[in-house]
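Below you'll find the structure I mean.
Chain IDs A, B and C follow the sequence of writing; residue 1 opens each chain.
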Amino acid sequence: MSSNSQKKGFGATIWDYLTTVDHKKIAILYLISGGFFFLVGGVEAMLIRIQLMKAGNDFLSAGTYNEVLTMHGTTMIFLAAMPILLAFMNAVSPLQIGARDVAFPFLNSLGFWLFFFGGVFLNLSWFLGGAPDAGWTNYASLALASEGHGIDFYSLGLTISGFGTLIAGINFLVTIINMRAPGMTYMRMPLFTWTTFVASALILLAFPPLTVGIFFMVFDRLFGANFFDVTMGGNTIIWEHFFWIFGHPEVYILVLPAFGIFSEIFAIFSRKRLFGYTALVFATILIGFYGFMVWAHHMFTVGLGPTANAVFALATMIIAVPTGIKIFNWLLTIWGGSISFTVPMIYAVAFIPSFVAGGVTGVMQAIAPLDYQLHDSYFIVAHFHYVIVGGVVLAILAGTHLYWPKMFGTMLSEKLGKWTFWFFFIGFHLTFFIQHFLGLMGMPRRVYTFGADQGWDLFNAISSVGALFMAIGVIILLVNVVMTVAKNERVGNDPWGDGRTLEWAIPSPPPFYNFAQTPLVRGLDPYWIEKMEGNKEGMVYAEPLGDIHMPNGSFIPFVISLGMFIASFGAMYFMDDKAWALPVLIGGLAITFGSMLVRSLKDDLGFHVTKEELIADNERIQREARALEGGKKGGLK
Amino acid sequence: MDLNKRYTPQTWPDHPETATLEGKNKFVGFWLLLAAETVTFASLFATYLALKDKGPSGMEFSAAGLFELPLVFAMTMILLTSSLTSVYAIYHMKNHNFKAMQAWLGITVLLGLAFLGLEIYEFNHYVHLGFGYTNSAFSSAFYTLVGTHGAHVVFGLSWFIALMIRNAKRGLNMYNAPKFYLAALYWHFIDVVWVFIFTVVYLMGVIG
Amino acid sequence: MAHDTHDIHRSRAEFEFIKKKRAAEMRGQLTSFAMMIFLTLIAFTLVAADFSTYLIVPIILLLAAIQVVLQLYHFMHMSNKGHGMMAFFMFSGMFVAFMTIIAMVTIVWW
């Protein structure tokens, strides 16, 4: 209900966000916390580059370097990239399919708070005796030997946030399966929704192995189990398998939504229907499918045997085919289009060569004998940064510009956006391109320093300068955000002017019920169709105006997550013979399960927005739109 | 959705579990969760198979020497039967016969408790033999696989009991019918996992 | 929207028909249950009778698979209308499960 009121006190706003089940507000929460962790991970990256700036540097000690490196990877993957993508999924994909909300608003909120508390827990390790230091892959043979509680922060934190991600995945799957507007068939879904769908399916099937693996790690380290302890009959390779059975699909969980964002951008700013929509959809599904059959290419040097290596090498090369299909479809979408080089479009165009470079080095590593040479060298570091930064981070930056008006109702500055782009783009290639050669010259990854006689000085120095460029780009982006928020120039439904899908047919930001009337979808790019047919309203409706049922907000998700957060401390200090550990563990779990029970015993049927309220709200929206139009005309004079 | 709306068997829909959008969402979401659970248990089975009979040198325990079939047979029969009784409960749910449904759920819960009791007895027995959780990689993998199944049984039973108590006065309506249906579905899934446990862990364990 | 379900009013005859249909379905469930018990008995008997391992293992795995199909398709109604998407995800899950298990029993120790 709360979203109706316009002006609220600070405390009321905070409470509103703590209890919200509205997917648009949860998207904002994801964006803010994901953005925060992105900055944390960025600072860690800068520390790494400062340390490697020159030979024999002693800026960080070897131990601290391991911690920084581990936390950089873990934070960027689990706490920055995924949540920010989940922010866009939350903000946009329910709107794209014409839904009033997601399938499980309560669980949506629970998913966010679990992620949030997991991330906070993981980062508290810095202040409570040291961060994890076994790399983001946390290989068991290293992790079991690690002293202190760093690894426990890793495994417990990721367990909590992993549950959150799994919940988010199920939520999107059900939303897309069940809640599409009339006429929105699967083959009319916008590509971002399709990639959300496939990425969620990957989350659904890839997170359980990670959870199981991490559970083993927790039990081995804290409760005396022997899954990975070789002297007790265990096997450390089991961890590697579970990690990569999860880890490889994880790459696609990240990159598919990125592909989705770019697909939207190419179509919007080329003012053309996506070329080869069907092929793009099937390529997306195929990538998701193959994603589960290639994990052992991360383990070629483990010694799985020639048969296993050959099978996985072949499967890995095959996966380049659907990716290639996508690249060509995007190029052909641009070709002959009426292109406008807005900030999102610049990112999209820059993405193609960057990502292709990362893909090509990926195929190189698929050749198992060559991988024996490249393994654990800076070539690998360069490769996955080309894929993750060149693909995912560019998409995140592009998506931030593209969807900012839809999420906040105001546009980021194009001018500053271009500055960000150039700094970031140049810095990115400066940092990582040269690392290919460092790898070929023999520099191993994850070393805290190198000698002056090894001939790696210059290239490392160049790489560090590139990182500085990226940092400047991100700082400009922050300035841009602050200035945009301060100026707060409101925009209308379709600020880019060429929106094609349903989210651009409703106000920015949309009312909390999204669509006063459920739209009727008459084809691919429904809003574009209506625009072309001169429909002033931008939508045809599938139902008459009537009461809308909406869910109540709830504080319970926060409490459930808090309980798990508390329980994790109990579990972690259990082995230290701390008297308070067991009560804290039990108490935390009691909070979690107690609040779950409260949730299930209470009748919570939500509330109705009446027809009269909708009409009144619609009048307000119309009034604001007219004021905006008037303002624009005034500005032009 | 009106909670106070009273249904009779004649006005009760054919598929009450999917008659509302909430019900449909829960239904699909729950099946997806089961797909994820399939992978979870597969991971546990895979680990168990990799670590079966593996331990420190000189470990005295092996699957062939440890497991006893009569107990497992009894547990299997009990759990299979409870799967059938929950089918009866849902049968009566669809006929809008609340009392009969509660009765069959009650039987299901009793059978589940019996299963759980036997499992606790079994674990206790092994621990007394010296086959503790930290004994070896084999013991860790065994207890984690079978114990996770046991935890699912506990959760399923709690779910049934909570639903029965909560709705004892309320009777069947569109709000809780999907919940009863899904709890039964969960119970069947637990049975599916058990089929593999008795086959892969116990039967294949005994023959070595 | 779909929150308000359509009111159904069945005539006496319709109701009796549906009830009979459900009762017939329930008899089918009983048959599947009997089969499950039977399959379980065979599996346990095979092991108790101490046949060759190479004979028993594939047979009891097959019996388990049949039982699971019975559970999924009869008790859990996976064959019913509107279960297409669910079946797809269950089979995807089984595919990942299969890959995981194959990996662990074959290549872990090499």
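In this text, a residue touches a chain if its C-beta (ideal position, glycine included) is under 8 Å from a C-beta of that chain, and two chains touch if they have at least 3 such contacts.
Treat the numbers as computed from the prediction; the structure is a model and nothing was measured.
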item: Chain-level touch network, classified as line, ring, star, complete or other; value: complete
item: A-C compared against A-B, more contacting pairs; value: A-B
item: Distance from chain C to chain B - Cα centre to Cα centre, in angstrom; value: 14
item: Distance between chain centroids, defined by C-alpha means - chain A, chain B (Å); value: 34
item: Multi-partner residues of chain C (each touching 2 or more other chains); value: 1, 3, 85, 89, 92-93, 96, 100, 103-104, 108-109
item: Sites on chain B at which at least two other chains make contact; value: 1, 21, 24, 28, 32, 35-36, 39, 43, 47, 50
item: Residue list for chain A, restricted to those that touch at least two other chains; value: 173, 177, 204-205, 209, 235, 238, 245, 549
item: Contact set on chain C toward chain A in their complex; value: 1, 3, 85, 89, 92-93, 95-96, 99-100, 103-104, 106-110
item: Contacting residues of chain A [partner chain C, same complex]; value: 100, 173, 177, 201, 204-206, 209, 235, 237-238, 241, 245, 292-293, 296, 303-305, 308, 518, 543, 548-549
item: Residues of chain C touching chain B in the complex; value: 1-10, 12, 15, 18-19, 22, 25-26, 29-30, 33, 36-37, 40, 43-44, 47-48, 50, 53, 56-57, 60-61, 63-64, 67-68, 71-72, 75-76, 82-83, 85-86, 89-90, 92-94, 96-98, 100-101, 103-105, 108-109
item: In the complex, chain A residues that touch chain B; value: 103-104, 166, 170-171, 173-174, 177-179, 204-205, 207-209, 211-213, 215-216, 219-220, 223-227, 229, 231-235, 238, 242, 245, 549, 597, 600-601, 603, 605
item: Chain C partner contacts - residues on chain B that touch it in the complex; value: 1, 9-14, 18-22, 24, 28, 31-32, 34-36, 38-39, 41-43, 45-47, 49-50, 69, 73, 76-77, 80, 83-84, 87-88, 91, 94-95, 174, 185, 188-189, 191-192, 195-196, 198-200, 203-204, 206-208
